[in-house]
Amino acid sequence: MAIMTTTSPAAFLPVLEQIAEEISRTPGRGRPADYIPALAACDPRSFGMALAEPDGTVYGVGEWRQPFSAQSVTKVFTLALDLAREGDELWEHVGREPSGNPFNSLVQLEYENGIPRNPFINAGALVVTDRLQTRTGDAAGELLAFLRAESGNPGLDFDREVAASETAHGARNAALAHFMTSYGNIDNDVPVLLDQYFRQCSIAASCADLALASGFLARHGIRADGSRLLSRSQAKQVNAVMLTCGTYDAAGDFAYRVGLPGKSGVGGGIIAVVPGRCTLCVWSPGLDERGNSVAGVAALDRFTTLTGLSVF
Amino acid sequence: MAIMTTTSPAAFLPVLEQIAEEISRTPGRGRPADYIPALAACDPRSFGMALAEPDGTVYGVGEWRQPFSAQSVTKVFTLALDLAREGDELWEHVGREPSGNPFNSLVQLEYENGIPRNPFINAGALVVTDRLQTRTGDAAGELLAFLRAESGNPGLDFDREVAASETAHGARNAALAHFMTSYGNIDNDVPVLLDQYFRQCSIAASCADLALASGFLARHGIRADGSRLLSRSQAKQVNAVMLTCGTYDAAGDFAYRVGLPGKSGVGGGIIAVVPGRCTLCVWSPGLDERGNSVAGVAALDRFTTLTGLSVF
Amino acid sequence: MAIMTTTSPAAFLPVLEQIAEEISRTPGRGRPADYIPALAACDPRSFGMALAEPDGTVYGVGEWRQPFSAQSVTKVFTLALDLAREGDELWEHVGREPSGNPFNSLVQLEYENGIPRNPFINAGALVVTDRLQTRTGDAAGELLAFLRAESGNPGLDFDREVAASETAHGARNAALAHFMTSYGNIDNDVPVLLDQYFRQCSIAASCADLALASGFLARHGIRADGSRLLSRSQAKQVNAVMLTCGTYDAAGDFAYRVGLPGKSGVGGGIIAVVPGRCTLCVWSPGLDERGNSVAGVAALDRFTTLTGLSVF
Amino acid sequence: MAIMTTTSPAAFLPVLEQIAEEISRTPGRGRPADYIPALAACDPRSFGMALAEPDGTVYGVGEWRQPFSAQSVTKVFTLALDLAREGDELWEHVGREPSGNPFNSLVQLEYENGIPRNPFINAGALVVTDRLQTRTGDAAGELLAFLRAESGNPGLDFDREVAASETAHGARNAALAHFMTSYGNIDNDVPVLLDQYFRQCSIAASCADLALASGFLARHGIRADGSRLLSRSQAKQVNAVMLTCGTYDAAGDFAYRVGLPGKSGVGGGIIAVVPGRCTLCVWSPGLDERGNSVAGVAALDRFTTLTGLSVF
């Protein structure tokens, strides 16, 4: 197997095309999330994949320009936005260790006095959102502005129907927020925090949008406009947290199969980073039992196998 | 910061020398493990670090030729030896997800019906040893022969005093083994298994030995003599498991700070892999509260910072 | 030791006087609950004890007519009021097993899918209150009316300052309520439920009031006015739940030392039942580390020792 | 319903006969324990029940003279024998709180540093056996001698086949014993302890034997020969532990339904105590999902309903 070293424009397009062709012949796709109607209505056969070069070139296959519900994929960006403002103090309020338990678990939170294990489990993302909210007064607005700027897509927006559905089914997250409040680890009122949190989750974006928006992680912290969001060390750290904690209780399996920092969402999206080289976003709404896109993981697995671009 | 790209012989020696000098000026070193006398007697000021190039060149600083108790560092090699024989069937008996709990925890084992979370917690290493024992009749002997061959050091050996002490303090591991037996996940008699396991842990080896012995992980599965131990994919997988699970309950922190696949032991040793580039072994017996060498983690942190060789 | 068999009026008064005298000479009293100001302000030297005969005769020692915050002692009455209406269907929504964990634990709730272990842990009391609220539209009002009728004290009332303080410090209970909502085990809106719950806890009543109000448990289900609240079997069941679950994580210890069905509250009150014979209420605000009144448990321990009236 | 107050000889025989008749018409019986052949071979339709008066009169119905495997019922006697020698010091090594978890759970043991919650879960019984072994050199022999003396049955004995089967399937108990050894809470060598423990469990005794042997608990600590085994207070305490912890994870349910101190075994036996009045033993090998005899619990439930002899 040869490792690709070319960096000519759209160099990986044939690889993406081969992957799309292989995926199209694969029967099983898992099932879309069904806890809210908007997600349940997705066609599990949908598939899109985009790759963004560090210079902003983006290309893709399948439904790579189709917006979908970004959900937990947004947790990466919220983390980066808060880390950029707050720095290491954040880590006194949320850990960076894998959770070793399903993503909603309250158990570990109780044993560790209200400090979530990492920023990508729901409890941790609530803490990060809470802190960004305190610093900005509008965490969701900050996130939206960032995603629009990095993707160059001013039409990117919240999906109010999804946000409303999330709120209506948000008892578990409300429990987490109140629980951490009881430990003094949440500053804002719970209803305000949940509103910010669910609006973030509701953002609709395409593979192209999210691959571009992730670009700062391949560029060691530099935004699309050349300004610095994160220090080189911080960008490395976000990638590390993605690799060890980015795919719920399957982070080890994802590292083992794909070998790239990645973050999934229950909308079926996954972003992945090849540090220094490129970022990817793949979308297919059918999920496995651990909440990760079946075709999405398979596509990324094929990508690192075909290109040799695993970090390992 | 420049990223080093040279591959000339001993290219990293100045970096190692700088690290050793910095470490020598650092006061705190943690405390040696004290559960057995042989470990408790170690001087926490001891420090050695070795780097092995893929071609077998090895060099180092400090006490890099001083044998120490390899302890859990050996779990990587036992895993590789069993995986080479058994392939993916192994993963039906041990997981590859981070444990999210202290390394001796029985809790997760109970909730997951006797299947340990990964091969690097004690329960998982017992399973791997048990399976290698079933396939070879002498797991510890296989491991010793492999380490001697890869390091080119025929004097490398078990430390019988350490093995005897481990056995005398082995109640927790005996509990784990009996517990997994009750789930049908251990084949050999518990006393036989524990004898094999503790002999493995007792192996005394130097930084030079272990850096060389890890070389197959930088060479994508190829042994020192050019023969293949693991497939390219399997070597990638072992690195992935090291990154996500290699440093007890601090795997996320290690990935965040160091950004390399690594495996630590309570003897104070840590091995780390720069895939395709080199392997490292650092030793300093003072441990932090999670069981990892304080100076060892600091040295590897400095190494990736100075060279830019983090996988992220 | 003789077992008292007399039933003449005020037969136990000398026993109560002896206990009060002994308690007055005991130095250590524990510390009042300090999570809300109204409880923290209590004098740990306060002590009162009342005994009610089945015929409604009541007498006591110390501050036995001084109102205090009934807190979790009210859980017994809410349970009885709901059980009277709903019968065994209640037990599909709350268990009757000891919790084996501190009284606020979310862990067990998660492992048992939102069904609390028993009606006396906070989660279980929230479920009982929720169900009584659904059936009556005013759970707290029902409880207050019942306590006034049984105690013959029309001045018995909620303490609005305490209720407001509880609400302000109610994050943990809010978490529990939302969490059970996520399992479909709560019917009412969480803020409505919490308001009902905290008003119940806030009720101020004296030892005399609560000893009298517990009388139906000594009379096998018969209220003060001769009407039946619970069947004989249900009254027995409430006593059984009190004995096994009534004193947080110290139920075994309470059974072992006192040997009577009892229910404690963090206000320092404890009620106890001698089935067929009498009911007791003791109050002293200093708590042990498990949340039970130090002098209260000691007084009841002495009572069963002096009278031989333990159920064992 | 009238409460029986007569104490004439065999006064309860008609009640037992009615119960046996009712049980004989009940279809479901649960399933015998199947982890060892000797238990699995039992006929789930078997049923026997015996009642012993404090004066040593014993009578029964059904197969009340048929020996069966006493199993965990013996834990009561071992507890009493150790408590008689050691007194309260025992409670520094084993708790007296309900476990709130299945009877083999290691979780709680880990969180509580090797101190079992109570003497009737397996871990706790191992600790009690270990301590009796240290004090006598032959815990199982002491137990056997006691049971022979109290029952007046010199033929009562260990069942060597059962003990051997238990040992062969004893991995879980071996794990518990090694685990507690690691916390310093076991004094004897694990194989010696397990041999003592399994021999105790293997004792074959009839309902008549066990009802008589329990008599000291109805007689407030006095043995059949009039000598004192336990103080009045200690006898009360053993009854309290039986009520709160005697039927695995169903202690609350047992208290709720039966309302008597009781102790069950997986052989299908249950002993129960009416303090000051009588002791009962019922046997039927079919178990419910929590390990208690289905017909046994039903028979005791009927007994307290028909006689009003619940402690509540």
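Labels A, B, C and D are assigned to the chains in the order they are written; within every chain, residues are numbered from 1.
Criterion: a residue touches a chain if its C-beta (ideal position, glycine included) is under 8 Å from a C-beta of that chain, and two chains touch if they have at least 3 such contacts.
Treat the numbers as computed from the prediction; the structure is a model and nothing was measured.
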*By label order, what chains touch chain A and chain D together?*
B, C
_Counting C-beta pairs in contact, which chain pair has more, C-D or B-D?_
C-D
*Farthest chain relative to chain B (centres taken as mean CA coordinates)*: C
*Residue numbers at the chain A-chain C interface: does the shared fraction exceed half, giving same, or fall under half, giving different?*
same
*Computed distance of Cα centres, chain D from chain C, in Å*: 31
*Mean-CA-position distance for chain D and chain B (Å)*: 49
*Overlap residues in chain C, where contacts from two or more other chains coincide*: none
*asked:* Can you work out from the touch definition every pair of chains that touches here?
replied: A-B, A-C, B-D, C-D
*Within their complex, state which residues of chain B touch chain A.*
1, 95-101, 108, 117-118, 232-233, 235-237, 239-241, 243-245, 249-253, 255-256, 259, 261, 275, 305, 310-312
*asked:* Residue numbers of chain C touching chain A in their complex, please.
replied: 105-107, 110, 171-172, 174-179, 181-182, 190
